[in-house]
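Below are two complexes that have chain A in common, paired first with chain B and then with chain C.
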Partner chain A sequence: MPAEREPEPNAAADQEPAPSRQPRVGAALKTVLRQREIITVAIIIVTAFVFHLLTMSSEPGRWPSVFVQTSNLKSMLAPLAMTAIVAVGMLLVLICGGFDLSVGAVVALAGLVAGLTVKATGGNLFLTFAAGISVGVIVGLINGIVVTKFSVNPLIATLGMMSVARGLALAYVQKYGVVSGFPRNFLDFAWETHIWIKGGAIVLIAIAIAALGDVLLRNSRWLRQLYYIGGNQDAARLSGINVNLVRASTYVVCGALAALVGVFYAARYSEASAEAGVGMELQVIAACVIGGASLAGGQGTALGAVLGCTLMSIISNGLQTWGVKPAWQQVALGVVLIVAVTIDMFIARRRSAR
Partner chain B sequence: MESDMRLRLGHVILAVTLVALIAAMICCAGCPKRPETVNVEGGGAGPATPSGGEGAAPSSESYVFIGISTGAEYWRAADAGLMDACEALGVTGDFRGPTTQDAQEQAEIMAQVIGMKPAGILIAPGRPDTLTPYINDAVEQGVPVICLDTDAPESDRIAYFGTDNYQAGRTGASILARLIQEVHPDDWAAGKTFKVAISSRPGQWNLDERVRGYEEYFSEEAPQIEVVQVFDDETLANRGEEKASAVLSAHPDLAGFAGVNAVSGLGIAAALKNADAVGKVQVVAMDGDEGILELIDEGVIQASVAQRQYWMSYLGAAYLYGLKHGVFTAPDGDGVDAEGEIPAEIDTTTVEVNKDNLDAFRTPSQGAKETMPEEFKAVIDQAKGA
Partner chain C sequence: MTSNTSERDPILVVDGASKSFGGVRALRSVSFSALPGEIHALVGENGAGKSTLMKILAGNITADQGSITFEGRTVQFSHPRDAQAAGIAIVHQELSLAPNMSIAENVFVGREPTIRLLGFVNRRELYQRTTAALDQLGLRLDPWTKVSDIDVAMRQMVEIARAISFDCRVLILDEPTSALADQEIEALFAVLRRLAERGVAIIYISHKLNEVFALADRVTVLRDGQWVGSKLVSETDPDEVIRMMVGRNLEQLFPAKGSARVPEPILEVRGLSRGKAFTDVSFDLHPGEIVGLAGLVGAGRTEVARAIFGADPITGGTIKLEGRPARIANPQQAIERGVLYLPEDRKLHGLFPDMSIRANIVAATLGDHSKVGMLLPSAQQATTDRMVERLDIKVANTSASVSSLSGGNQQKAMFGKWLAATVKVFLVDEPTRGIDVSAKAEVHALLRDLADQGVAILLVSSELPEVIGASDRVLVMHEGQIAGEVSGAEMTEENIMRLATGQTRGTHTHARGA
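Up next is the complex of A and B:
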């Protein structure tokens, strides 16, 4: 749903004395509360509080709970940043009514290409990122063309590219092995401390991408077209939007963002392999949906996508710090996912019915 | 009508072409195989073998190795062992497997491979129960099977060569115990308890065996060490990092991490780097993928338990070849390895990789080739009937 705006004050109100500060603050508060993301924020706060209670420590002198420790919360940030960046890309595709199942494979393939480049150039970060991201751009272009020009169902088209990209990565690794032994500056770039977070570069990049994506989705003409296309493709085309171009470009951006994450992934874990990112596509789609996107398209915000990722990260970390056995963690994650989305949908439906 | 006639003619041509293609395929399937190229090299026990690769046509005698997956770095060394043995023997080696660790997919691939009637099959079954019927089928059809790396003990496979996963776990545990003792000598002597956590994929049979090895070693030989968590790293570095970080948060006094699959070490290392706990928590990883070697070099991981996959497939190919050419006989199950009898089980053991010896492991097969025991190397010569 596009962000709701405050109704214009009517002419009669203009004649009244200037509104005092109280109503303006109240109006701003109402706008914030009306946003769909508030529901997700509420769920996040409640979940965090639950884990806070569950992991309370009785030892004196320690933090009140294991979950709410600066070190624990900070440790979630970099992996969350990686997922969030991919999620923003996936969100663009989802809003247009599409899917991109190839993101995980792109993470792996881009990582391999970047790894090879950084070694071949002796640590030229610019070329490394350029090479890695171009892998994502190429895959995205192919996805975009196949989906728009050949009208192939996006699920199938991107599934096919996922297979191709993963296969290429595997073919390389089978012959030459995983890529490692990166120049020091590449590793340092990924691990340097920024804003008191080790490996903070990716976190800063994620914040920038999420903020940019959110602002553009709410305000820029180019990205608002995504919602029209997602809402009614034919009507969008009739109103003069170049539907094919816009849809294709969402796949390109999604691929590029996944590739960016792939480069960081290789640096963070000191190894570029063919197995990186397996299963990421479904996790990211789930996060977007939790954050308000619809699988049918036409809905969703970047903020929501990031919040969805945050919720999943919190649940995963919380369950592990609480000490739940791995098999039951999977069950719990699935249950919480279903419950969170149900609550989300329920509240959203009630609100729009009002 | 003219257009109708043209339409019918086009259809006829299409139909005839398709039938011709099908007929050609049926014909080819019935044709006899290209005969093996044999150069007689003087007399001698057993059949002569083609001279190794020099100008001889590639042999159609092939040995296929089916791995648990083809994606993992781990299998490259196994592939290398197979290829080196086959090259020395003058036969063809083929490495296949599912791209992911899907045992069902592996079973289908096995069915295909059986249909190709290779001279022998080497397989690392992803799930012993799933693959046992297929192994039995192969044996019934006259294709001998040897299990490598992971065993299917209930099947009709003639032998198992591999690391005992349980023993590998025990080895890792002994290394971790030693490391913790070295870093905390006074506390150890005072009888203090130390906490460790293990990164694994619970439910994957060979990994569960390794975890069992870790746990039993600690309870028997180093009861001061307590395994507080066995967590699921999903064989992904980023998920492993998230879980390892959470474990570290819950147990800030953690003394050690163990990783039992090849990727576990990567996630653990990242978690430690993130928490500025490098060197404070001792890490024992699994296998010698390049990424792990780098981290050992960096000092984030202290040691890794490397298996000898190269030896497994090298021996497997050599023994199968010898079996086919009448030099060896299948084990008769009496528990005694008679002369010329293939051993029913060979434990290819593990080796500790650490900062001192990691250079030998940079090439997957280099270290294995250099350290292969003489009696293993001798098997190839025996197989050739030399």
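Up next is the complex of A and C:
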């Protein structure tokens, strides 16, 4: 890239930057390459190829490797879809400069409420989803109000909410036990084969949410406001953006999406326990950051968040098929996160130094 | 004192110093020298480069070009420590003392005499050395007194005590009298003269010419970052120095005053109050006029503008817009009614630094650039192109981040954000801060152009030449209240300063009282 900036020796005399004249195709290519997502895609391909090599059978000619077997790849998709949906919600909060630690607990609480509803209504899926999602909406609303109206630091507010939601789920389970024995149609929803994948419904939903999120984040008036708020909250307010309302709405959407995943989680594992979604908040934040979001706000795309989730699930699946113990998988994922963020900081600093 | 200045060798010589910040050239090839034992005043308007030159001497920043020679050796200060160690001490405009510590601890902060081995502070030596430093200034103060217990004038003296405790050869003071009363200023001058007699070179930065002529031996004038001239005080007079400071005709910098004022006011502010920030502020604003709002820092000017815009809640008073009572509770409501506010700090409150120029320009008008909730890229680009052309923003690519622009162009982009909206009342707060002279002239022309189109403009500014040159009349605030209004031939720096410092209320009371 620096090579293209050379022909401007006379611009130094002028105070203003001279308009750059470069071939159109080159410029277009440069724009594509500069997209943060391209880097993530490249890393995903390289990582996948590495795991393919690592898990190849020692017998010659026995292709494909364990990692690239269709059954293995398919098995990754539903869990990936679940994290991706939560990641899109988290991304909205992150772009606004916020943070939501309560998503994992919402998964558990919403799953529990949905489990109870589906049993009580004898399998009314509409009411089940409505009840589950409303748990997320309520938690998100409380988060949003506490963070905006009462100016509580998002980290503290959602940490508290995480404890409250998880505690409520735990209290129920300790008293009445894990909720299970769901009606057939609820379980079918999570396991039916769509697009050749067992439990493909959630994959389809995730694709729809990610695509919609990506388009809206790029073009809709409401979601573009997130970038302004994340970029400079004071300036956004003085530009007439209703900062509190927009910020609060991100917590509501984030909670609702986490709750949607919670309902599916209960159906997929045939029970609603208090341990569902433990640690999911950090996993999802890590995925968003790997995909280009910034904890300082103002940055990130839904596509990037999904790619971040993909990379993380490839790494944990790849390590698993290679025979690495879960504890070491966690270590590896932590290293990946730190390396990714460090590289990002490095790039950002070089860009701002120009 | 002035008799033999020309025979001594200078202790400090700055040769051809230049410095740019972003696209703004704060200092252009400035040369300057100080002789031992002389009091050398450095004067110039805001933005003339005084503070930049001083920061270079103090090692806070390094010059892009040029050299500094100190006591005959070429030096390069990359850190304030280096300058201090060499013997250049500086007393800043904002006092930098730790209020909860004693005078002695403040004077020797970071280099307290210690008892060997253990590293404990040697309190007796600290006491003695502080007393010695205070004695040199003719001050009787207990070194263990807390700084928060002494008044501002004494704190200034403690700063100077700190400076001379370094055994400094050059003492730089930046606007040291802005917080002092007359007799305190006299005491300060006496101390400075005593130091000069002992051979210390004193560089005295000020824009108060009466002080310069009462104190200094020599005066150097900077303007727009350039050296204009150095004169012996005994061989010049205030008029000449003012001419050197201003240097250009005011007409060049400011467009002709307008005549588009409409008799009916568009904005009527009555008894507006906001806690302790300001009380009982009343004024009218007519379409087609530019009204200056002057006052010292902290007088409440910005607060008034922000309150009208709905950015801060008011605690009393009413606002009428176009003859009807208007309740403006937040910026959205203000923008809907055509009341816009250009903040004074574009980095903190105005721009979205990491976002594109286009995104910045449409930031306040997203609704106008969307259909059924979706933004229209073509409409955004059209508005951006229109603003780039109208404001003559020097930009290669409107997708580039706004922070890649020079200060003046960033300021224009911030203007563009508001000109994309409907503007009836425009509250502009320090619209030319930190931009160079040509950009300033463009901003003034733009404001006049808007006024001529029927916009009512409230111009908040700390620069008196700007307030006087650009406004049709000037409201002056003092301690949260409107102290008076001046217009026409009464719009002079003296009249405004008199009101701003609370010496009279209203321009005519003074005449009658005398």
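Quick notes on this one:
Simple rule for what comes next: the second predicted complex is superposed on the first by the 300 of 354 C-alpha atoms of A that agree within 3 Å, B and C clash if a C-alpha of one lies under 4 Å from a C-alpha of the other, contacts with A are read in each partner's own complex, and residues count from 1 in each chain.
The rule is short, and it goes like this: a contact is a pair of C-beta atoms (placed from the backbone, for glycine too) under 8 Å apart; a residue touches a chain by one contact, two chains touch by 3 or more.
Bear in mind that the values here come from a model prediction, so they are computed numbers and not experimental data.
Once the two complexes are overlaid on the shared chain, A:Tyr228 sits against chain C while remaining clear of chain B.
Of the two partner chains, neither chain B nor chain C is touched by A:Gly111. By the document's definition of touching, neither partner reaches A:Gly98: not chain B, not chain C. Of the two partner chains, chain C is the only one that A:Asn242 touches; chain B does not reach it. When both complexes are overlaid on chain A, the residue A:Ser220 reaches chain C alone and has no touch with chain B. More residues of chain A lie in contact with B than with the other chain of the pair chain B and chain C.
Touch criterion met: A:Gly298 reaches chain C, while chain B stays clear of it.
When the two complexes are overlaid on their common chain A, residue A:Gly123 makes contact with neither chain B nor chain C.
Looking at chain A, you'll find no residue that touches chain B in one structure and chain C in the other. Taken in their complex, chain B has these residues touching chain A: 70-73, 75-76, 79, 99-100, 202-203, 229-232, 234-238, 241-243, 245-250, 252, 263, 266-267, 269-271, 273-276, 289-295, 298, 364. Residues 55, 66-67, 69, 71-72, 74-76, 78-79, 82, 166-167, 170, 173-174, 177-182, 191, 198-199, 265, 268-271, 273-279, 313, 316-317, 320-323, 325-327, 329-330 of chain A are the ones touching chain B in the complex.
Put simply, chain C touches chain A in their complex at residues 23, 25, 309, 311, 330-332, 334-336, 341, 343, 348-355, 359, 363-364, 366-367, 369-370, 373-375, 377, 394-397, 404, 406, 409, 417. Chain A contributes residues 15-20, 219-222, 224-225, 227-228, 231-232, 234-242, 298-299 to its touches with chain C in the complex.
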